[in-house]
Structures are given as structure tokens and as C-alpha cells.
Amino acid sequence: MTRKASPSSDKTRTDGDFVWTRKDLLGLDELSPQEIVHILDTAESFKEVSTRSIKKVPALRGKVVALLFFEDSTRTRMSFELAASRLSADTLLFSSKGSSVAKGETTLDTARNIEAMGVDIFVIRHSQSGAPHLLARQLTSSVVNAGDGQHEHPTQALLDIFTIRQRLGRLEGVKVAIVGDIAHSRVARSNILGLKKLGAEVVVVGPPTLVPSAITAMGCEISHSLDDVLGEVNVINMLRIQFERFSSSLFPSVREYHRLYGMNAERLARCRKDVLIMHPGPINRGMEITSEVADGPNSCILQQVTNGLAIRMAVLYLVSQATR
Amino acid sequence: MTRKASPSSDKTRTDGDFVWTRKDLLGLDELSPQEIVHILDTAESFKEVSTRSIKKVPALRGKVVALLFFEDSTRTRMSFELAASRLSADTLLFSSKGSSVAKGETTLDTARNIEAMGVDIFVIRHSQSGAPHLLARQLTSSVVNAGDGQHEHPTQALLDIFTIRQRLGRLEGVKVAIVGDIAHSRVARSNILGLKKLGAEVVVVGPPTLVPSAITAMGCEISHSLDDVLGEVNVINMLRIQFERFSSSLFPSVREYHRLYGMNAERLARCRKDVLIMHPGPINRGMEITSEVADGPNSCILQQVTNGLAIRMAVLYLVSQATR
Amino acid sequence: MTRKASPSSDKTRTDGDFVWTRKDLLGLDELSPQEIVHILDTAESFKEVSTRSIKKVPALRGKVVALLFFEDSTRTRMSFELAASRLSADTLLFSSKGSSVAKGETTLDTARNIEAMGVDIFVIRHSQSGAPHLLARQLTSSVVNAGDGQHEHPTQALLDIFTIRQRLGRLEGVKVAIVGDIAHSRVARSNILGLKKLGAEVVVVGPPTLVPSAITAMGCEISHSLDDVLGEVNVINMLRIQFERFSSSLFPSVREYHRLYGMNAERLARCRKDVLIMHPGPINRGMEITSEVADGPNSCILQQVTNGLAIRMAVLYLVSQATR
């Protein structure tokens, strides 16, 4: 792979000599700033592949990527699946429905068995925080965390950070608001970790019941008013509302939530002109975001999806190199 | 691709200069006779591929075909999946169960997101009439309708028409009976549209509650007696009984239906010797058709399935050419 | 394919001139000793493929392997799927959930329809004993039995026998205990058939309610005490406990079962030093086997999984050669 010339030369770029050594990608917590940037740079090289007429490179030909989804996920699963096949890997899908999980087998035994079939990389989503880390220690294959409990969702944060760097040309000094249910969001956690490491500032925004005060230990500010931060941020990342949580007493009513934390045209008008509106999807139109904002020029929601493929190609490629 | 010599030279064949320009295949309603015939001719070229020892051509290598099934379908899904992989495309399956649909995302947002991952062709089945048309207008990728509500199922009609042309050598002047629940059948609608455009005659047969009189506006005759039309038709296409509809008052009892509209050996004896018996499958043996008819020499039910693959290869190939 | 030099020259090896002629693999019942050994030898050649960096051979390129699972199975399905793609075949998955089966179609019609799409090999799991045999007679495609009712599970037995030969270097005179619910186990039946044909001795062990006395007709001994046979066997194959059967009066309590028939360190100490502990998986740790035994040096549980891939590659390859 040839590395493209970097669009800027700030410290959020690595030089060509960096060597990736991790067999797993578990979270942004353990990555150095240089490692994160190396993933972003590698993703940039892969972005070009998806614009070709024949969208395939032979990088992982004859390798097997097993997708182990102990929790449902359509779009993350599809994104990893496409990333793997764009690298010419074979994919093997395991979802916990109708599987040996129902027969009482442990997650580790399931993974060990699948590894014994000759799998090179596991992509794992699990409802228990830390499940991918446990597996990574026990398996010689690579493990990529596709979301574990309320812990981390590293590829989502990487694609968010990639998109910010792509649109704003830098990360250093960029101010990002993350809005919503911070307490239960692995997307928020991974974003905060990665953004802080690369020199960005983060303010988390939401009702007091959904923003734990301990989160300031991660180096971010807290605000309970979206209106207060609109003018001062470069990026607003709207978390998805998990409707199933509305039944709990932690959450205001849906209408109240939208009134206080929904992104709409009126609020957008009070933002910086070049503010980026992000959302991990799937969006609830008219709820955390109105259609005119979601589909407007400040939104980069679909760009995030496109970049997600490049990030996942980069991650699969890098971890496979480390285990050679 | 080399075009094989046409087995006949009637007006249901196109010459080699025809250029396909549609990025989508939504229904037979909007197709010209020449376009329909061009699909049939292209399918004829692809039929040969399936007889090779290595059943693959590189036509769509590096392309991605996403199968979006918002409604269950085993055989149509498998047929499109095989057609795509026989053209060397990668496939990506999305079924609405356990997906973001449950999370409140609109069909359009789901499709836009998947398109952003770099999908070239969408094959869509949806319970709402017109859903594929809506998506086709909004997406730059190609859209192929794999059945929408009670509206159209174009590839099923194309494979039916292909099979008739193959077996009878012509379509002009052929008389086709379509038997069953005409009112709710997208297979019937697409067949009527296509057959009429290519010069065939159609008589729809069924109980008055299931055959709307307005259907004559599509240029077909109506009969409420299968026995009355047996002797005068070249083809009898038995629609599948949807048992879930029998609970409604529109439907006679199952036994009564079979007595009046079931195809059996006794009725077959009163047909033309070379009558074709068709069925879109899956068949209910002993219900709309008896085993001796379904498995007999006049039946072309399995041939329809085989031809379906060639038709779907042709459609995927043609729409992909149009968006280049 | 080059045949590797055999590690031993006993009668459980075939010479290079053997020609496989069966289009189907339905069970070990109908196979000759020479045929079984030929599968094992072919699997040995394929084992090497899985150790390569690019784990693929073009043997079945352009062929289609349809996996028809009328009964749930994660690991057998994944093993066949990987085996097929390692041979470069395309795979097509059909599971009976949400399929035409629900629409009343017969198994034979389902298979015939899928065959009409151009499928070369069917891999079938079915809850009815004999279903694959019925299909094999009606289809021109190859049929591989992936487990039918309480009848046979030939590839599981072949991988078990392959693993014994690999670890002990021979099969002739080897004594194998099969422990558990013999009465309902297709794994037990296929193992007994295969082992006896290759000159091994078999003792089946379990409570009288789960070990039919008629099983001696297959040439094996019966014991109701695991402790009695520990010292005299070379291999102990622990069948999986089907918890769903515990509700029946045939079964002792779970605790009682473990006390009498569970494999643990104390029992292992009374076995031959080189005894092999096998289990078809998924295992219930602490139930039919304790963790220290399952993960210890005598266990070959994960090796069985790895060998399963080679066996399934061999079987798919051989049946595809027979239909050329």
C-alpha cells in the first residue's frame, strides 16, 4: 500500500516509519495518540479503494474474518462484513440467536471453537463490557471490538474522529459537544478518549440524570444546556436516543427531551457557520435531530458511514499484519 | 457477451444494437416491449453460464449487491444471491428482522446508509407498493424490485414470459390464463403488463371476490370458470394460494377453491396437448395443483426456477451497465 | 492433489489407486472400510491447506454448495461453510426459519427448487431420520448428511475417527468408550459403525434407560459403569447432554448424571496415561466434563474441531468429483 500525501502536516499525522504491533483493537483507552493517527492515515489510503470501479484489494485473501454478534447490530455488522470482503477475506457470521449460546456454552468456548476452524480475525459485539478483552487474552487470533456493553465502541469513535479531521483539517484545539445519554454510551466514552488524546476539547451535554459528574475525570466539561454551548463548538455529535430507556425514571419525556436537547434549524442558526453535525445512526428524525438538520450541509452523517468502511478496512488490515 | 442466434425471428426479438439505459428495474409497467425483449435476450446469453462446470463470469467483480428484504422470501432471495455471485459480485444481506427497522429508522434512511457503504445495486422486497420506486428516485445506486406489496414483481413475470417464449417459441398471439387471487397478486399484475406488451392475450380466472372487474382496463379478459377456458389457452399460470387470506370472507373454503380452481389430471386432459402449466412456487400440492400435474410433462415449474436465475443475472448486469 | 506419505502402513490406509464413486455421503452404514479410509486420507491432504497463509484452494471454484438446515446448528453449519469457501465454492444458506417451509412446502420440493437454481452439493441437517437419503435418491446433485434425526452424523464420526488415528497412529485394536445418551445419539451410531469397520472395539456407557440393549447388534459392548471401563480404553468420547431431555423420566437428575458419568480429574487419573478425551461440543463445563479435563493434555476437543474442517473439505471434494 502506498501512503497518500497527508493533507496537512500538523501533529495529528504520523510519518511513514510507524509500525503497528497490536494483534487486537479493543478500545481507544489503551492506544497511543500515534497509534490512533496511524489508523486514521491507513484508513485514508483505503478510502480510495471504495471509489474504484472494482472495489477490492487482495490484502486479506484467504483469511477468515468471523463476525461474532452476541448483540444485534445491522449496520456495524454490514460495515465490517463489507470491509472484510473488500479486502478479499472470507467472512463467517455467528449471531447468538439460535446458536450454541442457547445450549449453555460460554462465550470463550464458542470463540475457541470457531478459532479452531481456522479464523484469523474475530469482530465481536457483546453486551458485557470487557468481553472482547477477555477473548483477546485467550485467543491467538486477532480480536476487534465492535461494541462491548457500556464500555467502548472504538471503530465508531475512529470513524467520527476521521470525519472531523477530514472536514476540519485538524483535531488539535477542535471543540466537540457530545449530546445525549452520556452515562450509558460506549460511543461517547470512546469518542472522549480518542478526542482528548489528539488534543481536542470535549463538552458532554445532557440532563443531569444521564451525565455522571465523574465523567469530568476523563478530561471533559459538562453542560446541562445545549443552548449554552452551541456558539462555542466546532462539532456537535448527537447520540442516538435509546427509546427502551425512556421507560426508566432517568429519562425525561420524549417531548421534553427534544425541546431541551434536540438539534433543529433554529439551534443550528446559533452555531458556527461551519459546525459539523454528527450522529452514529440510526437516526430518529424529529427526535434527537430534525430532518432539515440531518439532511443539511452541516450534517456529515452519511460521510460517517462511508468513512466507517475505510476505518474498518484499516483496522482489519493492521491487526492482521501484526499477527503474521 | 456474445448474443446467441435467436431461435426465431419474430418481433419478440431485438437486434444487437439496442442499448439499455435504465439504472433501475422497478416494474414492467414502465418498460417498452423492446426493453422487455432485451432483458429476455440477455438472459438467454446468461443461461449458458449456469451450464458450465465453473458457473461464474467476472461481469460484476468488485461490485456489491445489497439484498434488502423487508418481507420474508427464501427463494427469491436465494435466486438473486446466486445470480449476483455467479456474476462475481459481493452480496450483503439485510433482512428487517432484528435490524434498525425495529429501532424506528425509515426505509429510505436504511437504504441511504447502506448506499453510503458503497453498494452498487439494491434488490428490494417490501410490503408497501411503490417502496422501490421511492428509493430509486433518492438513490444513485441501482434499484431492482423483488416484489413490492400488491403492485409488481417484475423478475417473476420476466422469468414466466421467458419460459413461455422458450417452450412455445413465441409470445405473439399466445393465450395465457392466470388463475387465483388476482386482486392481491403482484405476480398477476406484472405478468399481465408484460404479456400484453409482447402481444399475448391474457384471461384472468378466479372467484368474483378475488378478481376485480376493473382489471379489464389492463386489457385482459375475466372468467370465473377455469373449466370454461381450459380448451382455449396455451398457458395456465396457477397463482399460489395465500392461506393466510382464507380466514377473510373474500375466500371460499379451501376444499371449494380446489374443486373450482385446482389444476388436476382430469382438467389437464381437456387442455391443448402442449399446454404449459406454470406456478411461481412454493406449491401447495393437492391444493392449487395436484402432484401428477405439477410433476408431469406439461409442467415447467422447475424450469421457471432455473430461468429465474438467468433473468436475474441479466437484470443485475443490465442495470449495472447503465450506471457506469 | 498430491497424497502425502502415510504416517503408518497398517490396513487403515488405502493405496493411491482408489477411486471414489459415490455422489452422496449419507452415513457410515453404507461405506466400505476402504471408502472410510479414503476420506481420512483425503482429509489429511486438505489439513495442510488450513495451515497456509492463504487458506484456499480452487478445487470447487464456480460450484455452489447449498446448506439446508432444517434444524439449528451453529458449529456444523460454520464448519461446512468454511470448508466450502476454503475450496473456493460459493455457499447458499437456507434455514427453515422464516422460509417456505412455513408455507407448507415439502422438503423435497424445497430441495428440488434450490437444485433448479444450479446447486452442485446439498449439505442437509434434518430432524427426520432418513431425510437426506430420500433427497439423495431424487436429486442429481450431491447430498451430504450433516445430521439426520437420531440416525447418523457421518462427518462428526469421520472427524472423531480421523482424530483418533492422528493421535494414536492406528485404529485397529483401539478400544473406544462412548459415554452418555446412546439411545438418542446419531453421533454414537455413526461412530460405532465407523470404528467397528476399521477394526476398533467400542463399549457404550450410560444408564440403562439411555443405552438400548439392542445396540449390541452393532458389535459393541455395553457397560453401565464408567468407572468399570476407565482402565481398559484408549479413547473416551463423552456425548453432549441434551438438557431438554432431562425433563423426561428416562434421565437421572443432572447431579446424579455427573456423579456417575461425568469425566473429572479423579477419573482421568485411573485411565491409561495416553487416553484421549473427546467431545463433539458444545461442552457443558462441570457437567459431562470438568474444565481441568476439557482443557488438559488428554483432551483433543479443539483438535476435533480443526480436523472437522479437513474432513468436510474432503467430503465436499470427493462427492463433487463423483458427479463430474
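The chains carry the letters A, B and C, assigned in the order they are written, with residues numbered from 1 in each.
Here, a contact is a pair of C-beta atoms (placed from the backbone, for glycine too) under 8 Å apart; a residue touches a chain by one contact, two chains touch by 3 or more.
Because the structure is predicted, anything quoted here is derived from the model rather than measured.
A.B. asks: Which number of steps is the smallest that gets you from subunit A over to subunit C via touching chains?
C.D. replies: The fewest touching-chain steps linking subunit A to subunit C number 1.
A.B. asks: Is the contact between copies subunit B and subunit C built from the same residues on both sides or from different ones, judged by whether over half of the numbers are shared?
C.D. replies: different
A.B. asks: If you average the CA atoms of subunit B and of subunit C, how far apart do the two points sit, in angstrom?
C.D. replies: The computed centroid separation for subunit B versus subunit C comes out at 41 Å.
A.B. asks: Where in subunit A do residues touch at least two different other chains?
C.D. replies: Within subunit A, no residue contacts more than one other chain.
A.B. asks: Using the touch rule from the top, collect the residues of subunit B that touch subunit C in their complex.
C.D. replies: Subunit B residues touching subunit C: 50, 52-56, 72, 74-75, 78-79, 81-82, 85-86, 97, 243, 281-285, 302-303, 305-306, 308-309.
A.B. asks: Subunit A touches which residues of subunit B in the complex?
C.D. replies: Interface residues on the subunit B side: 61-64, 90, 92, 94, 98-100, 103-106, 109-110, 112-114, 116-118, 324.
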